[in-house]
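Next come two complexes, and both contain subunit A; in the first it sits with subunit B, in the second with subunit C.
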Partner chain A sequence: MAATSTNPDNREAPGGPGKGTGAATTTPTRRGTELVLLAFAAVIVTCALTLVNLNLESQPPSQILYYGLAFLALFGLAHLAVRRWAPYADPLILPLVAFLNGLGLVLIHRIDIGNAAEAERAGDAFSPAAPSQVLYTALGLVLLALVLVFVRDHRTLAKYSYTCGLVGLVALALPAVLPSVIAPNINGAKLWIKLGPLSFQPAELAKILLLIFFASFLVSKRELFTTAGRRFLGIDLPRARDLAPVLVAWAASIGIVVLERDLGTSLLFFGIVLVMIYIATERAVWIAIGISLFAAGCLAAYSLFGHVQQRVDAWLNPMTSDSGYQLSEALFGMATGGIGGSGLGGGRPAIVPYAKNDFILAAAAEELGLLGLAALLLVYLLLTARGLRAALAVRDSFGKLLAGGLGFAMLLQVFVIAGGVTGLIPLTGLTTPFLAAGGSSLVGNYVLVGLLLRISDASRRPQQPSKPQPQQPPIAEAHTELVERPR
Partner chain B sequence: MSELVIQLTRAGFLALLWLFVLVALRVVRSDLQSASGLRMSVPGAGKKSGKQSRPKTKSPRQLVVTGGALSGTRITLEGRPIMIGRADDSTLVLDDDYASTRHAKLSIRGQDWYVEDLGSTNGTYLDRTKVTGPTKVPLGAPIKIGKTVIELRS
Partner chain C sequence: MNKPLRRVAMAMMAMIVLLLANATYVQVIRADALRNHSGNSRTLYQQYSTPRGQIIANGKLLASSEATDSERFKYKREYANGPAFAPATGYFSFVYGRGGIERAENEVLSGTADSLALNRLQRMFSGQKQQGGNVELTLNPAMQQTAYDQLAGSGVRGSVVALNPQDGSILAMANSPSYDPNRLASLSSDEQQKAWNELSEAPDDPLVDRATSTLYPPGSTFKLITAAAALETGKYDYNSEVTAKSSIKLPKVDAQLPNYGGATCGTMPTAPLWEAMARSCNTAFAEVAGDIGEKKLRETARSFGFGQDLDIPMGVEPSSIGDIENQAQLYQSGIGQFNVRMTPMQNAMVAAAIANDGKVMKPHLVEKTLAPDMSVLDRTDSEELGQAVSPDIAHTIRDMMIKAEQYAGDEGKISGVQIASKTGTAEHGEGKDPHGWYVAFAPAENPRIAVAAVVEDGGNVGADATGSKIAAPVARAVIRAGLQGGG
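Take a look at the complex of A and B:
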């Protein structure tokens, strides 16, 4: 009972539920557990920062403790917001996110140091990414608190589902249709919108908006997807006309590949649609249909477009391909790291281009080794599991679908980028949630976590005695009804 | 810095990472137990609570949805009445075309739970019998509301 005995509010109150005496019971909010875990995460992050500084600058700056405390204070404020506005929220979600974000900050700082040394050698100007990432973290936490304040009940979101769907679709399509002055082509993908010094990826926002839309759409149109059509080889195939929503999603995701040249975003969106249909209908045939459609689309895209061929070539032959330099450096880095890693600050992860964005997992693998990377991936898995847990426990279908979709979106994102970095699937430009440098992704993921916290709060909150007591006759005055013979 | 210190801190940090994961898993485990109504009856969790949670007569502890769109959902019974229907303030919110806004109510009297139909259009069935007045619900008996099936479990 090591973990549970650390704080008293952990255990359920004596005389818990199900006594049948009608006594009011206190459900544990477990906010204390959350705070303890947050402090633990802060300790880990401070240790990581100390190690980086010990290894790279051979003396610890005296401010490290302050950095650690500032980190704890930042998440402490978020904890207070959760305590105030979502008291029954899942106690694990926020600490896990803090752990990932903090470790990400340290890794970015570490790569900054490496990049700065390189830039100095080459005589280039260099601006570190860690300070802006700290700003984005703060902004993300503010947005998380705002989500908790303004979305008091996740079911209200269902009322705005079509608005969300429309705005999401527009946001998704915006970089593709805008002229390249506003939407420049960065690293072969047209995903960003640049307004002066600010640049962001609208797809990160679109992801959440479309998730809300799909959840609400599927709740109201669930029947459509379960109507069985012809039976073929022992599988109930859906009717051809019911395929329309899937085909639309498929066309949109193929459109992203073609117009925005980004396989990762496309895979993410299509995967989310498929999984949500699967959660709503419990019929695996949708997954099969979706995957075969996607495979066909990818094959077509491969034969038609040069940039897709380039990516696949870099994936299959990273050592010989022209564009495989980044991936091969990452693979060498991970091989250098081995089981235990080179220790924080002991490796050279900065050699890989874009080490702090796309390849931060490679940097983590080089310095923390297989063991450290496995711990990181496990934390992602736990985060998803908590999302799915909230989905299981919440009492309305919309919440179930939304939480399931949000949780899965995070996992799919990690799979796509981790698969790409390790050479399992062709590399695509998705960000590693919370870990990688990138403002829009971080802020978007904090909004996602805010929604998850809200749904988990709803799922764990004990039922209030329903406020507007329905006018129903007392049992003694119940209607006299004709008793029918049971069929 | 000496090589030994580097190696020690390296291993120590990895251990710390895994300790965090293990503590998180621990929280998951205790959460699972409290949510499933087992209430910490793990060995060594204290004999007092272990005895408390095993009353002689088995009274229902939770309501489990076994069929329909919400299947898998569990609600811990806390003595308060449970409203079932399409209304947003219901304890179990159904979105089922065959359910009424306020469809049925489960309430406790003494040790037993009673199901009562609140004038729904399509009726409430307890074990294939239409519920007309407050009817006692035995453990494990299916209650059918529209396409949703629920039952009480201890």
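Take a look at the complex of A and C:
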């Protein structure tokens, strides 16, 4: 303590970040902005729920205010956690997430009502998805707070990169290798692990763990990728052995398609790896190599696997293909919604199978119209752009790569699923972040957002240590200075 | 690393722009095609989710939408006294589409018409459910019911059309056999299919609107047009002497053209034109037609509406004289045989024009369209199609028709009301019983109703059938219903 108090430099106190007083008064934390925006999100979500109720008359209206307040309280607690543990975090991220999550809950509730009516007519049993989604939201927010509490500095994650990589790979491969009793084949994909009543998709967690691994790996091995090999047609080709990581990622993606029959996850992983290599090396040639490999993989998968051919056929001819029912119903819904939409509760999104999972964006497009869909897509762009903004502003390479990767990963996921349900690209089973019903996806994305908040906090924090903290524990530093002083 | 991060951010933006462009394509550019796609069940459900407007005639409810317990089809179309009014109302089926006014005025009835835009906006902002507009028909329900009962009650096939000669409003248009639109509006598609199959396979074509789309040989009722053409040439007047022979040789062919029953036209070698009309002498009118020529005959027929497309608002099959290749065929055409074909609607228009001083009024079925609150949206103005003949000629023909009525049988005569009429007995093939026609208007001096009735294939009488025996009583009953009911 004596050492710090006499430290003439405006250096960070060893007691932990955020306690500095000098510059803190000039850099606003903008937590007030965040709270106002959260309240705004809560108002929008409450209005949306009110509309559903007015149109479908499912509950007494007095309850809606209660739901709206509960929603605000839940995110108010998350706000307090951010205020306490990441005070300089980007003020837009949490409100945008709250908006998406809240609107997702409203849409799921609305589709629940439609599905319940269908089930009643068919005489089937039906259990709504909205209540469990609320639980998962709470769980996700708790995990977000835990990430902020335990990951006080994102750079510490780099220390565990190989652990992350290993656990990530195992998690990714687990459903493929486990017997069907634990890892059942649901709708043609082997992605889930079922333990009693609980089921989750390990890929959601694996995505983040592998991102951490890749960011750290690429930062430490950057030089390898930038070493030029032979020049060919005016392009500096990398050396053959440096291709190894890309080839491994490519092979893993192919493995996912073959073993887990999941095109979306495969595309997502490969895209993330490519973009991270590009960010790390600043060389576009990696993108070109990756896309060629991907194209070759696609062609091979198309000619070899029936389920890939089915998907492509359903995409090209949704009205006539046997497996195009889901997409054609989604397109009909979107067209019926038109520009302004049918209004919440005014459309028939429940006609589309899996409306609350894969096709929730189609439901949004039907009831909120092109305007609503555009607003949602722009919110996603804004949210992920805030991640990239943190990446630009943060000072360390690992943070840059991790934030850039996390931001891009979420947007790529939105692109793949939104493109799938609107007929832009073949449909693949990815979840829509924060909107779609599904626990593992929601919880995983909250962890992802926790990391983004942490990195954005580091990027805006006024007093940055001049040296990386993890390599130099505070005690060692204090000790060194104490020895030097009497001289 | 900031340069590639910026580029990735640009790429992310481009991905969202791509999604937005595709969504615009689906929800705006392709929207209409998708909405109207036959596989789109949403459009269908939508039609059944708001109450469709009523079809009314003179205060009587003909078609209305009644709320159901069904979730998918919230309203069911119901037709009071369906078969009698089916030629006007048409049907509303989710499997087989729409017919009659249900089709012609669908935009008003479904509430999507431009004239209802303001109304839709008001309802949206006041939170009321959307509702279709109403259509009030010109039909006189008593006359319509009488017309249907007269035909269907005696089990004959045929059609009756009654017009208001002054403004062209359709007072009755009945067919026999008819169909029950309630069966086609069933909420069960199986029931609809069963009804449709029965109706479309029935030998007597109950789904065909005989009044507007069946072309019959007009027989002697066509002599009104031949007489009008002859009077227009100026060579003939009320008393012009024409042949009274019981039979004449057709020019240049080896065939005779006899009068009905081989009778002479009175006791003299010649007869005045009025008597030839009153006794319906074929020989006289065949020679008159030969004398005035094909061109004049066609011209006059056209001025009464032949060969012209007509929307009432349902389309009316154009009547025609057919090809005439030689003088013999012209003789036959002059008495409404050979290839002359008329719809009951056209024949009623001829009677109405003569009743209206030679002025042809456009027939119309819709009196006015009404908003859901019964305020008037649009009123059909009476429209003059043209002056077929001069008032003098019209009066001359009227006087002939008053004489003709004396020869048209007594059945169903209305005491104290002078009817002007012309009967017809149309041969239509070897071994088939003739169609009986009766066109008339009443009261002769101050016409309020013009009517055309046709009874197919001899009605209940067989080979001895004539227009005065089988069609006149039907039409007179309709006139009586109209005059008594103040129509």
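What we mean here is this: the second predicted complex is superposed on the first by the 435 of 487 C-alpha atoms of A that agree within 3 Å, B and C clash if a C-alpha of one lies under 4 Å from a C-alpha of the other, contacts with A are read in each partner's own complex, and residues count from 1 in each chain.
As a working rule, a contact is a pair of C-beta atoms (placed from the backbone, for glycine too) under 8 Å apart; a residue touches a chain by one contact, two chains touch by 3 or more.
Quick caveat, the model's predicted, so the values are computed rather than measured.
Touch criterion not met for A:P202: it reaches neither subunit B nor subunit C. Applying the stated contact rule after C-alpha superposition, one finds that A:G444 touches neither subunit B nor subunit C.
With both structures placed on the common chain, the touch criterion links A:L331 to subunit C but leaves subunit B unconnected. Between subunit B and subunit C, B contacts the larger number of subunit A residues.
By the document's definition of touching, of the two partners only subunit B reaches A:G372; subunit C does not.
When the two structures are aligned on the shared chain, A:A48 is found in touch with subunit B, with no touch to subunit C. Judged by the touch definition given at the top, the superposed model places A:F99 against subunit B, while subunit C stays out of reach.
On subunit A, the patch touched by subunit B and the patch touched by subunit C overlap at residues 54, 369, 378, 385, 392, 397, 400. By the touch criterion given at the top, residues 1-4, 10-12, 14-25, 28, 30, 33, 37, 40-41, 43-44, 47-48, 51, 54-55, 58, 91-92, 95-96, 99, 155, 219-220, 222, 340-344, 346, 368-369, 371-372, 375-376, 378-379, 382, 385-386, 389, 392-397, 400, 462-463, 465-468, 470, 472, 475, 478-479, 481, 483-484, 486-487 of subunit A touch subunit B in their complex. Taken in their complex, subunit A has these residues touching subunit C: 54, 117, 121, 275, 278-280, 282, 319, 328, 331-339, 347-348, 351, 365, 369-370, 373-374, 377-378, 380-381, 384-385, 388, 391-392, 397, 400-401, 404, 407-408, 411-412, 415, 418-419, 422-424.
Residue ranges on subunit B touching subunit A, taken from their complex, read 1, 6-7, 9-11, 13-14, 16-18, 20-21, 23-28, 30-31, 34-35, 37, 39-40, 44-45, 49, 52-53, 59-62, 69-70, 72-80, 82-83, 87-93, 95, 102, 105, 108, 111, 114, 116, 118-119, 128-130, 132-134, 154.
Across the complex, subunit A is touched by residues 1-6, 8-9, 12-13, 15-16, 18-20, 22-24, 26-28, 30-35, 37, 39-43, 45-46, 71-72, 127 of subunit C.
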